[in-house]
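Both complexes shown next keep chain A, but they swap its partner, so chain B is in the first and chain C is in the second.
Right after this comes the complex of A and B.
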């Protein structure tokens, strides 16, 4: 065990203020804009975290309406993801699909969002019907848009309808104006568009940090995996940077509505804008936490130096880093893209937070990258990240270990509006299909999609952004690619289904779950699909052996998804919860829950809203929204046991190579776990034994988890559970469930 | 022989907590370690020896995601 030590002398000498600028396109953009609607409103600041109204905009009819936030909304849905799901439920019918005009995109920051005294408090949740899953997707995102929206006067923004021409929705929270502007021509890609719009709507240089832009990019118009970029102005770099609402294709919905961008101009941010009931507790809790970061981060995760990429080498060491489409868990070339490299490559002369007051400051940036390909070839850019998910998904999972290419893939994903997690997993699938002859050069339109071929990888992405050829097919995502390949007769359907890493239509994020049954559930038994933000249980399960029984795993899959849901109701980032811990955390009971931090969250919520809660109330708040979302899925024709099925690659070894690469482990499991003897058995026979054992235990896990969650064995929340949560107050919710009991 | 997270590990005289982390390639920095139910402080990993037959728990805090 060796702890990485930061050596400032090794940091590359890159001028972080230098990059290609695009402001010469500003006048052309302005010339193509025309105001089609302007509505005044009364700007207001929150009271106890809430502004008590939301904004509805129909981009088709140009209706602009304010709606009150009711006490019931606050009590049951809290804010953020809860408000998003509440509004979306009321907007759509069971027959609504992602590209129907009634589908909405709802952005809501939550009552605590915008606090500046604690770390990780600038998050918004974005909710919509997903083009990939046909059920609600929620995506948690930093950047300034959500908090500035709230400080302009709105707890949520509902976007409905479809515009006939591209529009920009501008909310001026200082002057009290909502303006819809048509835009003809001008850039689509985020790094250009957001730079221009930030300068266009800011009133002078000092105002730049008060403007935030939500945008996507060219690929969102031609794929189902479009992502949204939420901007924040980096004062030290003097440039616009982004955090991403990546999962589930919300960027695609955005472009389908012909929204080019959302822009908010808010008031100058100060520490008391939420008007909390107890600012002293907030200040005290914040000071304690900042001290903890300052004193402990250097000896723990080093988030301030490495960001989330600090776990690349750790995942590799534990055989958990996805390599070659989740076949393997480690690779000898990982050192080229692990945090010892990113620590030198990312700028370390500046503090990188995506909201004010975040002392964790993990939004690292790699400056000075000169692009080798694509429409911006030769430009010098700043790349946000790389985050762990990007290094693992775009890197090891596709066999790309050249850090410059990895950064370029990361950059183009961002500016084209492509979810990096989804792109990494779908490209890994394409590469494995290429390896196994399911795809070939003819079928990919000449792209040689071999492991590690970053040039072909980038070219596929450029084609996706242009809506051309195989790039367009890849942009459908793994689920629809599987269906297409099978329909074309290009390979064994079972193999294609086994290796395509999606559940509910959403691609897996970048962790190996084969050796952690609890994590298999943490991915598949989710509301929106396999994203690790519900539960990350691999260490507890596989390494620590803390949750050996089905009941133990079910308890973890009850508590952690609910605990983590709560961040998204309130506007918190998950990372400050457990990517640093108090020095005496190890002395606490249930140290893995980081109890002092849980108490911090309880205190921050109570001190902001005046609603006194405890740790149990926190879980109940989440449980209401979580179960509401499950019922929402059922209402949309999904959300049952069969929709929680997992691809076999996430449960166990699909291929002979996979089995034989870890034969000692798998053979041993036949003896110790199955009580059988592998001697004399062929690899194929042993793989079949594993398949039966692994799928059986996953099914048993489902039973245990559903029971613990208060659901039927078909995954439907029971009436008793709805009553316990107070959701029986919503007759429509009860009606949905009754049809399945 | 000792048990580390429920799995057997060969023991040798003078074996320290740090040795266990090295052998098991436990590189994660946020650990809670108990040897026979006694908490070992991070500062003592190099100097705390582990007796034969010990039950060692190396709890990795969650991180990830």
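Right after this comes the complex of A and C.
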């Protein structure tokens, strides 16, 4: 791989301050709003990273209460995803489903969140029971809502109940009031709604960056794959931008509760609002990291130029980029959507962090896109990203290699409030079903879902947003589509199950795991479903080749899900951990863990909270929450070995074409890995040999990983493990487990 | 734009002066009695000569500042607006000349304003404020 060199003269000349504005709708929106509840509260700033209280709002009964954060919550659950799971556990019963009023959406930023000196410190963690999986989903999202919520006075926001009419929840952390407003009419889609609300609640131009909006869009209400947009005001572009809490359908829960938007107005941000115990350590660690980015990013990642899309061509080169529903790992047209294109198309001379102090600045934006379809046809918009997942999911995985269409798909997913990763994978599934005759024009209501047909793809999305026809069916997600197609008798059930890329009901994110045993486990052996944020091992496995043996991979599936969980407890972003690394990292022991950065995190946590930890404590903190979440899954009727099963497409070649396209590799594996002879065997016979070898190997991996995690072979945490973690202090947790031991 | 320039033919790196420039900058501009907090730092090399850490008003820090706290004033000098600064220190980490300074007692960092106060006290006349063209904005 040759390193791409940045050439500023090639960046397209697009005026990044120009776009269609929607502010003329402001008065109409205001006219449709009516305050139904207003309560005062005492704003407060955090002390050592915690404000020590959380806010509970029932959007149905309009009950608004403050709850104290107990020492036990801090010790065991830390914050962020930990607080989310703790509150959700207390709110639901084993029979609760996503659309029951007792289901909650919990948003919590974590104790470190809101720090401005280190990259990636502005994350909110969102937890809810997922409409796709029926178990807790957690999502790590940027934007300013979480930090501003904390600087207003709350470590978490719990939303329960269901409203009868659409409501907006406004928290004014400057004036100290919480207001619920009913809203009739007005826009639903995020890019319009959040722009209006930001201007509506900001007190003057200078206040715009202190307001953040959480919203979704029209498709969230008609599908199970709704996502939440967390806004931040981009001062240079002078527009509202978003980061997404994408996976698992939390946007759908949000709309089911009839929440139109959450708005927070926080105090002006400064560098010390967390009141950390040791600001000097934080300052020094932050400056050291910023220097590292300045010196190394250009040669290692070009994150500041391309965002996460910098790995499109790497994945393609290593045969790991999903193409045509994860059938293939590369495609000759990928150069049209790789980073050499995006760095010309994304605006470069600006600051693209999703929170202050992010020198990694991956939140790129493509400005000046004029839409060709849909309700906003003709409008000029700014598209966030595209991130790697979107280029791969909406692009190569569906055979779409036209960058303008890719941007338009990305834009509409965002503003309609659906997850780009989920949408990409489910559309790839639909297209493969179309290719194989499981679907046809009649069954799709006239949509010609052939590979690369971006117009049909967009039309399916618009139908999803309108809740019409096949758009509605697609919006159920891969798992429910599979069940539906099989029930309709539309194809071979085994084939449908093999190619439908979901586990636990959640769609796979955009990496080809067929040749990476570590990533197969990294996807399927997750708590929430196959999302790479829990165990993004494919790079260290296949590109850097840092975990070569079976034992290394099993150990990585113990360590990394725990290590990465920790980011979500604290409000950290994961990218600054290992995208750019210190120049001498490869010489360090356990280089794949990036030891210097691990130490940074240990130091930042201790310096914020005053709780001295080391790198082993860090893993313990995560292990408590991780195992709690596993038990939570079991409590909800999942979380066992059978729920960790992987669709065969993620493990090996399902079809003849797949096998034959990489026949040399697969034949070779029969010799070297299985010790057998492929000569004279038909493709079908060889595929069967692979299937047996690959599924056995995956099963063996499960055994090893479960054992290493302190779980039974059925995937249940043992009592000894719970005791070791101190989770035996929660009798309800022990009770759940006892029924399965 | 106004730029502080040092002439090492004249500056003797503190061998025959008391770093008057640093002291004057710290006391008069930043109101602290500590030369380590001055916006310029003169270091002597053991084998003679020395180097100065000083800001040439290149403007790189403006590009990276997320809160638009850094802007050029009418004289082209890069100035910090303390009200807007969020204390992220990206300006410090991205300054190739290490000229963006930080006092551990303050949350907001500080830098040279090309005010010329130090110029007046240098006993060797090594410092001057010069008018040079503003460099083009860099993508950083």
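Note that in this section the second predicted complex is superposed on the first by the 729 of 741 C-alpha atoms of A that agree within 3 Å, B and C clash if a C-alpha of one lies under 4 Å from a C-alpha of the other, contacts with A are read in each partner's own complex, and residues count from 1 in each chain.
Here is the rule we use: a contact is a pair of C-beta atoms (placed from the backbone, for glycine too) under 8 Å apart; a residue touches a chain by one contact, two chains touch by 3 or more.
Keep in mind it's a predicted model, so treat the numbers as computed, not measured.
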A:348 in the overlay: touching chain B, chain C, both, or neither? Say first, second, both or neither. second
Which of the two partners, first being chain B and second being chain C, lies in contact with A:218: first, second, both, or neither? neither
Identify the partner contact of A:736: answer first if only chain B is touched, second if only chain C is, both if each is, neither if none is. neither
When the two structures are overlaid on chain A, which partner does A:357 contact: first (chain B), second (chain C), both, or neither? second
Tell me the contact category for A:540 with respect to chain B and chain C: first, second, both or neither. first
Which bits of chain C are touching chain A when the two form their complex? 63-68, 83, 85-90, 92-94, 96, 102, 104, 107-108, 137, 139-140
Tell me, which parts of chain B touch chain A in their complex? 5-7, 18, 21-22, 25-33, 39, 41-42, 57-65
Tell me, which parts of chain A touch chain C in their complex? 6, 8, 11, 116-117, 209, 235-236, 268-272, 279-280, 283, 286-291, 293-294, 304, 348-349, 351, 353, 356-359
Given the complex with chain B, which residues does chain A contribute to the contact? 1-3, 299-301, 311, 313-314, 317-318, 509, 511, 532-533, 536-540, 543-546, 548, 564, 574, 578-579, 581, 585-587, 591-592, 594
